[in-house]
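Data block below; observations after.
By written order: A, B, C and D. Residues from 1 in each chain.
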């Protein structure tokens, strides 16, 4: 029940309970920041496949899920991790060898789709994309859309403004709501009941959380209810939306977690190097995901020295003068 | 005369097109450097903001992505994606925004492709996709575009239209229902291109030192008017030192 | 310009510059909380009339603007101030004697209308109101809607779901965007450049602020830029939306300002008593608005004793054990 | 037997219809007291939230309005109006919500009027208007309605339909496009009314001590089925002491 008082559980349990084969999934974060990587690696370890993933620019986590073969369908705006991988390498390979069905949207369109799901309306309107191939070219075959009740019959609909041109708009793009079976996000703080506080940019995490049927929150710190309730203005997600609270230190590693740690350039570069070569990528998966018990083991493997290098400066929230080449 | 690299010249060329009090949307890489340089040189009251929702970040260090924690420090507001794009779609705020963007392909009307090379359903090369590019191109007052000047990038026909420029030219953009405004200039490794006020067709505005208009045309798959071309004023020592010392001392982006 | 570095000005100047006769206005707050009352009283003092006001449940401020004859048209969801005036007394009189044109919506519909204005779309969809008189009965005459370009031709539009029933919705209500000429809100903190921090519930202030062509922010405290920039997660309105910053201590009085002061039951009861009788109401206006130089003078008139009684407790943010009968 | 006022009995009657783990939307006044009482008596894990965006407030003192600063203290989140209504319109969260509301007029299908008495365009009495009532009635799983039992309030035809109940009855509500769910009970100063599962017509469910079904009908402008009426179990001493001491010691609402 969404208003149980204690939702704390361990990661394998949360993933096993809420992320089923073929589930419709969305993860929080943006490119190389606050991806729920511990959860992503656990999904890969549990070899959950056939996932239908919704992403705006969620980045590293999406590329790793795709690379490990967990994803069969992807609705996405941007598949990359900034300077480390302008185009996600495993994503690119999967699309080019036809092992992944892709539907393209823009970041705002995906954001609005999550927002529509959160608001309980079938669509939201925008001017974005008029005149582009995003409107004309539908990645998912029409039959798939017609036969699968979990996705809408239309990728989107272009409509004349029914309000006589009000708002200087003749025409609008209506993007369909998304209600994922499960959303997973990583936050700095949560309490056992499920109230969540994200520090720094929230990206679209709040909309993704509220649109989901089930919500798993992994957090750096599990805090006492008093900590969050004395400053509720700073909390974004009420416990009423949350199903599982999973404390995982370094849970976003190798992506960043503002005020806790920076992204790890060493890991991200090593990932890129591995991702471009099939043998090296298999070795990467064995060494850093399958061959490892849990996220704590990965963090221990990474080692104190690198962790200290990315530890966030208390003033700026990131690792000042980190070597990011 | 001061020594400088091509990247440095391109960053400064873009910076010069940013006016004071402009609200600058930028992505990562050279675009971000141009925005940072403009703030230090010609447009002290310009404001940098990112699609991720960070407004007027301090940027003590150059970010490696628009979600880099470096954009979250010392902002006016740490908003959401929804906030950032609403700011651009909103007519009164959106028209004050200049967007800086890049792409894999551009056509004569400044439409951009950052999604796929080849057939969308049978891609030769799959790219990252729109991200916020389509949104920015749809909403903001004007855009500055970075391109490598190559025949395969300046194409007659895009493989995929990711971000709307002037569409088919003339008044086509407004007729389609997009906001007024669109591509202003294209900055390449050879020249600066602009768009005719009436036809919205690309023309050669300025060529970089040592480059001839003919050379520029050799690197394009379509013809453009070169009669309005003038010589490009090289980066000054002051511009260069600002760019190097204030914007990217680690040369993470300048290389 | 929206990005001037110093937007600080005094209240009479801000009102004179941005609130013209016949302007379309929206004010922040909700019933008896955080109404920009200093600004409301200044508008009344400047005898600005013919205002077209947009409100959800903005409360006390709206009733006083209506009572003083500043408002000719009102689009509203709820006209009252909680237990002190379940129905705004001056509002009720104005409607019953036909001196005020009213268009009725619900709170969510009005919130969505401001949100649509902020987002730059002509409308937003909702299920709210299907089957009700809010759909059928239009308060503004059709001619008015057709002839006045500042309001849409339709109060709202009911539309079949163009996405084949996606989201279990057959039918939706599209409510038109609002872009007020000016929005005025009162916040706890702002800096000279215009970054704003609201403490406690923001109500719909942020949407109202972003939908407006001009934005006046009155604040309890004008703070140094460092104060707000060291914790930007707690700021809601970027300076880019703001035109005027006006420091006014007790600027929401007699409504509440969380963490600063409670609403004043004495003033609100006295207002109700005055509002029901024409003579007493004229006297009220003379004594507490026209006859007074500025908000500081009103606060001095109210007097230390009553101000101390409503001063907020630092822990709870309101005046504990305040006599509220 | 314990002494109690009518208001006290009505508050407790409503509290009894709140189930544990219900998410309770309430406005001001007696509705808020009922929600507070339920939390102390029968539904410790029920959660109170307000249309203003306050979720699970501590409520150490009874609020005089849904925007009272007393609702902002010790919440899970201090959200916005947009957040609160989206929570109710969202199907998975909205169906868990029970809304408590009142009105000036009600009809046989639980539709409510809180906007105007007389002609909308020529009003005899203008009321406050919907506020969030229409939204809540449109969205949530079920509603509990407070009414004064008078002929002029239980009417054949509403002067204005502000908040949708079962509309014209039967399946009409769903056909119109509203969320499943609707009015559950109406608590008055004389009795508790409910709605038939099939026809959605109001019927007399229970009468308060000393009241006869005939008396109830005398206070209504339309007929209802009284054959299912049973006697109402009076408030217990425990219920009363909780209501008085824990919920409204100042008797701000109990009077």
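Operating definition for what follows: a residue touches a chain if its C-beta (ideal position, glycine included) is under 8 Å from a C-beta of that chain, and two chains touch if they have at least 3 such contacts.
These numbers were taken from a predicted model, which means no experiment stands behind them.
Trainee: If you tally contacting C-beta pairs, which pair wins, C-D or B-C?
Mentor: Output for the comparison: C-D.
Trainee: Starting from the mean Cα coordinates of subunit A and subunit B, work out the distance between those two points in Å.
Mentor: Centres of subunit A and subunit B (C-alpha means) sit 28 Å apart.
Trainee: What whole-number Å value describes the gap between the mean CA coordinates of subunit B and subunit C?
Mentor: So the centroids are 40 Å from each other.
Trainee: Starting from the mean Cα coordinates of subunit B and subunit D, work out the distance between those two points in Å.
Mentor: Each chain reduced to its C-alpha mean, subunit B and subunit D end up 57 Å apart.
Trainee: Counting only residues that touch at least 2 other chains, which ones in subunit D make the list?
Mentor: Counting only residues that touch two or more other chains, subunit D contributes 72, 78-79, 89, 91, 139.
Trainee: Where in subunit A do residues touch two or more of the other chains?
Mentor: In subunit A, the residues touching two or more other chains are 120-121, 126-127, 168-169, 172, 179, 200, 233.
Trainee: Chain touch graph shape: choose line, ring, star, complete or other and state it.
Mentor: other
Trainee: Pairs of chains that touch, anyone?
Mentor: In this structure, the chains touch in these pairs: A-B, A-C, A-D, B-C, C-D.
Trainee: Of all residues in subunit A, which touch subunit C in the complex?
Mentor: These residues of subunit A touch subunit C: 116, 120-127, 152-154, 157, 159, 161-169, 172, 174, 176-177, 179, 199-200, 233-234.
Trainee: For the complex, give me every residue of subunit B touching subunit C.
Mentor: Against subunit C, the touching part of subunit B is residues 21, 23, 45, 47, 49, 55-56, 72, 74-79, 86-87, 89-94, 96, 139.
Trainee: If you look only at subunit D, which of its residues touch subunit C in the complex?
Mentor: 28-29, 51-54, 60-61, 63-73, 78-82, 85, 89, 91, 115, 120-121, 123, 125-135, 138-139, 158, 160-164, 167, 172-173, 176-179, 250, 252-253
Trainee: Quick one: in the complex, what on subunit C touches subunit B?
Mentor: These residues of subunit C touch subunit B: 1-3, 5, 117-121, 179, 193, 195, 210, 213, 228-230, 232-233, 235-241.
Trainee: What residues on subunit A touch subunit B, complex-wise?
Mentor: Of all residues in subunit A, those touching subunit B are 29-34, 56-57, 59, 76-84, 86-88, 91-92, 95-96, 104-109, 111-112, 115, 126-134, 137, 139, 168-172, 200-204, 206-207, 256, 258, 262-263, 312, 316-318, 320-321, 324-325.
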